[in-house]
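Which chain is which? They are A, B, C and D, in the order written, and residues in each are numbered from 1.
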Amino acid sequence: MHVHAQAEISKTGRQSASDLYAEYASIRDRTAQLIAPLSTEDCCVHSLPDASPVKWHLGHIAWFFETFVLSPYEPAFKPFHPAFRSMFSSYNAEGETHPDPKRGLFTRPSLSVIQDYCGSVDERLQRLLHSPPYDDEMLYALTVLGLNHEQQHQELMLTDIKHLLSQNPLEPSYQLPGQQLPATPTVMDWRDFEGGIVEIGYAGQGFCYDNESPRHKEYVEPYRLASRLVTNGDYLQFVEAGGYRDPGVWLSEGWDWLRAHNHSHPLYWHRKGNEWQEFTLMGMQPLNADLPVVHVSYYEADAYARWAGARLPTEAEWENAAWRQQIDGNFAENGRFHPFASPRNSMGLAQLYGDVWEWTQSSYSPYPGYSPAKANASKPMSTVWDEAVGEYNSRSMVNQYVLRGGSCITPLKRIRPSFRNFFPAETCWQFSGIRLARDAR
Amino acid sequence: MHVHAQAEISKTGRQSASDLYAEYASIRDRTAQLIAPLSTEDCCVHSLPDASPVKWHLGHIAWFFETFVLSPYEPAFKPFHPAFRSMFSSYNAEGETHPDPKRGLFTRPSLSVIQDYCGSVDERLQRLLHSPPYDDEMLYALTVLGLNHEQQHQELMLTDIKHLLSQNPLEPSYQLPGQQLPATPTVMDWRDFEGGIVEIGYAGQGFCYDNESPRHKEYVEPYRLASRLVTNGDYLQFVEAGGYRDPGVWLSEGWDWLRAHNHSHPLYWHRKGNEWQEFTLMGMQPLNADLPVVHVSYYEADAYARWAGARLPTEAEWENAAWRQQIDGNFAENGRFHPFASPRNSMGLAQLYGDVWEWTQSSYSPYPGYSPAKANASKPMSTVWDEAVGEYNSRSMVNQYVLRGGSCITPLKRIRPSFRNFFPAETCWQFSGIRLARDAR
Amino acid sequence: MHVHAQAEISKTGRQSASDLYAEYASIRDRTAQLIAPLSTEDCCVHSLPDASPVKWHLGHIAWFFETFVLSPYEPAFKPFHPAFRSMFSSYNAEGETHPDPKRGLFTRPSLSVIQDYCGSVDERLQRLLHSPPYDDEMLYALTVLGLNHEQQHQELMLTDIKHLLSQNPLEPSYQLPGQQLPATPTVMDWRDFEGGIVEIGYAGQGFCYDNESPRHKEYVEPYRLASRLVTNGDYLQFVEAGGYRDPGVWLSEGWDWLRAHNHSHPLYWHRKGNEWQEFTLMGMQPLNADLPVVHVSYYEADAYARWAGARLPTEAEWENAAWRQQIDGNFAENGRFHPFASPRNSMGLAQLYGDVWEWTQSSYSPYPGYSPAKANASKPMSTVWDEAVGEYNSRSMVNQYVLRGGSCITPLKRIRPSFRNFFPAETCWQFSGIRLARDAR
Amino acid sequence: MHVHAQAEISKTGRQSASDLYAEYASIRDRTAQLIAPLSTEDCCVHSLPDASPVKWHLGHIAWFFETFVLSPYEPAFKPFHPAFRSMFSSYNAEGETHPDPKRGLFTRPSLSVIQDYCGSVDERLQRLLHSPPYDDEMLYALTVLGLNHEQQHQELMLTDIKHLLSQNPLEPSYQLPGQQLPATPTVMDWRDFEGGIVEIGYAGQGFCYDNESPRHKEYVEPYRLASRLVTNGDYLQFVEAGGYRDPGVWLSEGWDWLRAHNHSHPLYWHRKGNEWQEFTLMGMQPLNADLPVVHVSYYEADAYARWAGARLPTEAEWENAAWRQQIDGNFAENGRFHPFASPRNSMGLAQLYGDVWEWTQSSYSPYPGYSPAKANASKPMSTVWDEAVGEYNSRSMVNQYVLRGGSCITPLKRIRPSFRNFFPAETCWQFSGIRLARDAR
């Protein structure tokens, strides 16, 4: 999922200028905290084509506010640095939406210059929000969009830095391991859902991305969802039963992927002698059988489900269940940045929110009646809005699969029952895991 | 779509042995007719990794009957040639489902030896069908499966040979152009459909693939379908308006595909001076603006629809409309192997069946309640059945898109309203085209 | 080595028209004999990017005579088929010298049409040679060039067809194995050479390629050459001693090559159970320890030599020795198309000519004073000559290594002591082998 | 040219411990000065597979001394950090000689930790040199080898950082441009050399690499060398005459290279509007027609020479001329890191040493009688020596071309008339240029 900030303007609840800037400041603080454990060198490098250096994320966050808020609204706007307008853009010169493939080579500007860039944008935005020239409704909407965009990048910074550190023979830690919460194995039960015509999609007055709309009906057969996530212990059985050597349980394309990359276990697992270890943001740790398996691709999630006599849920099944539960779980605010074990004796669906993004079997496609967010053309600045939110989501709607529920590195505020995350099937470096589903019978 | 022969055994209506063999013989005749215009050299070469030489298709068709019908049922079974059992298999040694990448190098066995192989299988199958040792129900089911499998390969032989001939500077024809049917431009209208809960999926007593089952409910919003296919003339406007140079109308992945391959028009179009031409099975022809555009990828179909202010239909929308119409149209039996112009004044949806496969926006995924076809384990030969139909379809259910309705090279008998064809989004060498859809309102 | 026909015109000894056409006819006969064992399907396919289908070789041989002899000299010249002029050219539209990468897809023209093409060229050439319009010296020179070009392609047809057949699970034979000549192991001795200033390069009055000229001096230290070729038995010791697993004996680039392709023995060796076999033009044969090892790359030749405490000869060392021996050995005329064992008790250097091309350590570069063959510009047709021989050889003079002495599939007439064959270091599908050298001491 | 440190032990002139350490310290200072203008971020990234991050170069220099000097000689040796022994090695686990492809991901250890590593090695080496346990001759030889190795990496640090900075849209400078020396065009004359038997190869008592030995005879025809290097102005004529669009002047492989990478001028040239600019270590500068052309591949050097009716010299021709001139020129000590214009009225061969490495037409191969440097096995530590110098040079002796004379970033001390640098033909990021040669006559 590249940047895909889009909002239904009309739904953006209005806050006072002070409140909005306070939220802005608090999110910026959070970003600063996230990079505090990193060296300038850590911030300069990325280790996957789909990832970005932390420095680039920072510059890109500032670029978004500068381009879509300051540039149209600031009186006598002058960019911080003309070259940054393309260096930190998410569009390249050919109109492709991928960030610049050379961004890992940008040793200049230095991290501290980028921090100055952020500081300058903060200051100018604060001034602007307190004395907007006009049309403050759209100004607020664009700012809220920028904040959601920033929170998305907070999550990506962690996934990207985790992968980078995992490549280092020194096995560095991003943070110290906290006290290990005691965990006891929890039995996986099934929870039944009735089905019929259900409604999914965003319905409130707040912010949402346009891909969550419109709210609409779907017909769902009776189904069951697993009471908790698949654990490392569960998944290890699959590995040890030869799951990675049996083409019969894999999607053909998954089998090709597995063989092309020589995979025999999830991305961050390592076998050292007789012990399994897992690379985490707290460095290399013994594999804890009670924690949810994380960093599996869609192919792995599907193969495991098939092997276990189950399947992945559809997004309608997932969301229909999710509307019944409070949003509560292990999110980024916990600062642990690793999934927790399932609580015992939980009612409903444990770990539905937080911990790991749950792969669904649904490919990422538009909801019936969907049309890409566009501002009301009669309003001022509607062009800016359209450019900011672009055709972004809808242009991604092919060959990607939907994940739901957020993870232990997702800011709680990003998450709604209707929130749709999406990635290609081979994606492993996101915090993605598995909840099983079955037809009811 | 690789081989994906699967059938609901229980639904296989029983025919007499003579009737079944008569059908078998007639389909084999059809295969023989299809290759009659080709030289042995034409039959030996393939020009795309996903295509196969005609010779290999022939051997593979015989292999299917030999492996799944003769081998389990024939008393004192002895293979025609031991090496053919792997040379013509659709599984390679590593359990991957792609045919052998070396199959284009198999100059031996010669075409005539492969024809002997087919003849031997014919003869033995005729003998077997007339005096089956036991369990004739399963024997019949497997034979019917083989016939559907063969018809699929009849279609693929034509797509593969068309691509091969298109690469030749001599611009050879597979057949002579027949008399050109006069065509007059037809206006594209919209037909409205009410939506609500609809049922889709196969429901009868005959043969179907397991991916068409089970019949189930879906909730569909009111929608409109275009009264005819998108024509070359329509598509040419898109090309000439700079459609291939505007990233805004393309899926991001489609834009990457277009640029990586330098596409600026559909696969078989050629610009010669000021004239557009189209390579067909009748050789190079002037581009006829009234004929349906064909050989477009999903990316191109989606981009055109977006540019035209419309979208592709979902498969539920398509099938809901299709149940109301008779199966009738320009199929392989016409022997023209090229789409026709839309008839004027047609009611309903012109060209819904035949002419070109219609891309839907639906990714290929299992229907609710779907389980891969398995024979009843208590019956004899159930293992053979399971092996024959395998986990085939379900193992393809990722990153492919559904096409509906059949084409001018599809045998009429293959087609049902519920029939689901599927290919990756970049596929062009199939006879794929575009029917537009819109939300009703 | 792509086509690299070049000749020193002035050296072309003149023959009578009848003699020349007789030679032409005899070489064409030889070409026809070579393809007699092949099916049309065998002739249509190639299995390596650097190889070509036999059909293409045939068309290309005719193209050469049509383009460089008939086109300039034939009164009222009309090409056999206009499209053939580019289909069978060795230059593509961008001026690159590789044959068309699509040539394996040319199922049309059929083999028989290409044979008609050859027949037409034969007939027209015969007529032309007997009544040339003018300037017969250049006409003769171009014809001789074409004959050398054809003999080169005779050799390539055999290397290409051997590779193609080797890919076939049926392990087909190009010809029946003749009676196996009894062979007894021969000890490898060393023959000493004095060194000092030596002369190499072509010096006679006959045909040679321009890369063999000018004859010039080189200073050579005293050296020794092995009395016979390295045998399969010798090489097997290297394989079984773990030679393919020890980076220390390989050129770094050779080690990368070996690992990238997973090589653990020469190209056509196969281990079946406990037995080593070798694919030959007589099909799969038990590996004969007394025959010379063949189909090794420069990397393998160099690694073996290093392992054996020796080195490869330079081309000056090789040629200096070769001038002292008669040209005699196992050439294509034997019709065995496989190397023989070294004779016992041979004086001098056994197998110096024929059997296998011997890798030298010399990179392919111009001799001092070399300039690409150009006709005397004052003569008629000099432009044609220059085009025919082009800058061909000199444009190949980078990253290739010289081989000497001819092989069991080389026509005897092609070989001179000064003849330089050249291929990239990774080449295996040529009949290349190893003669060891050492510094004298 | 990867690390290829090799020395003839017996030739290493002995210095006192103090003198040797003083030289060591001065070279280490030089290394520190070279990285002073760089940020930690600049030091962490590399922009070409064949380049390395500056940090890695630093760690690798220390690794060399730690591994080959401290480890065998230091009493109670303990590595600075166990993991560094593989992270900074030039051998990977599979025995391949390329540095670790992941070295660009090593954000840890930080630059300052690597500097501590260097400091620790310095201190321990100083102690060791002043009180060696035994066998000081070999200890000295290994230290001298390490110093030559370090100087090689000093040069590589500059080539690698230049390429990295060239990728940055900010066009950063490594250093300020000094005062521009006034330059006036100099005519290119030809200097004649007699030829005959000449001697080349190292002959003194000091340090040399084993690829420079043994000194030996070669026979050389009379020849001419250009009095100065090819300038930007000369080369621009080639560019503007369409040189990059004419296959006839390129080696076939060079033409393929040019087209695959879409080259139309040397690596660091840029066309901005009507002006040509050149990226240098002083940032982007207008292209100065009087300075030598630099950063051309072998293919470009050969094509230019061919176009100019000349050729590249052989290494024997170059060295034969070089023995007659004093080593003097624009080397790294000047601190300008860019070639100078040719002086006017110079006798002999201007710019023979320094400015740019001069491509020769000679492929990199062993001299007659060459054997990879090995210590006398009877001496202690001979195994260490052999491991340090390995089979390094000889294992590179394929598909590379020799360059001579050093460049403006080469430390003067590295250069000898016999010094052989070598790189693959497509190499551009080294400071490589062109001196023309011709046959005399």
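Everything that follows uses one rule, which is that a residue touches a chain if its C-beta (ideal position, glycine included) is under 8 Å from a C-beta of that chain, and two chains touch if they have at least 3 such contacts.
A quick note: this is a predicted structure, and the numbers were derived from the prediction, not measured.
Using the contact threshold fixed earlier, the set of chains in contact with both chain C and chain D is empty.
Taking each chain's centre as the mean of its C-alpha atoms, the one that lies farthest from the centre of chain C is A.
Centre-to-centre separation of chain B and chain D, using mean CA positions: 60 Å. Remark: chain A and chain D have CA centroids separated by 47 Å (rounded to whole angstrom). Rounded to whole angstrom units, the spacing between the C-alpha centres of chain A and chain B is 38. Among all residues of chain D, none touch two or more other chains. Viewed as a network of touching protein chains, the structure reduces to one closed ring of chains, two contacts apiece.
The complete set of chain-chain contacts reads A-B, A-D, B-C, C-D. Chain contact summary for the complex, chain A toward chain B: residues 94-98, 197, 216-221, 247-248, 250-256, 259, 298-299, 302, 311, 314, 361-363, 365-366, 368-369, 391, 395-399, 425, 439. Chain contact summary for the complex, chain A toward chain D: residues 39-42, 44-45, 47, 83, 86-87, 102, 104-111, 164-165, 167-170, 172.
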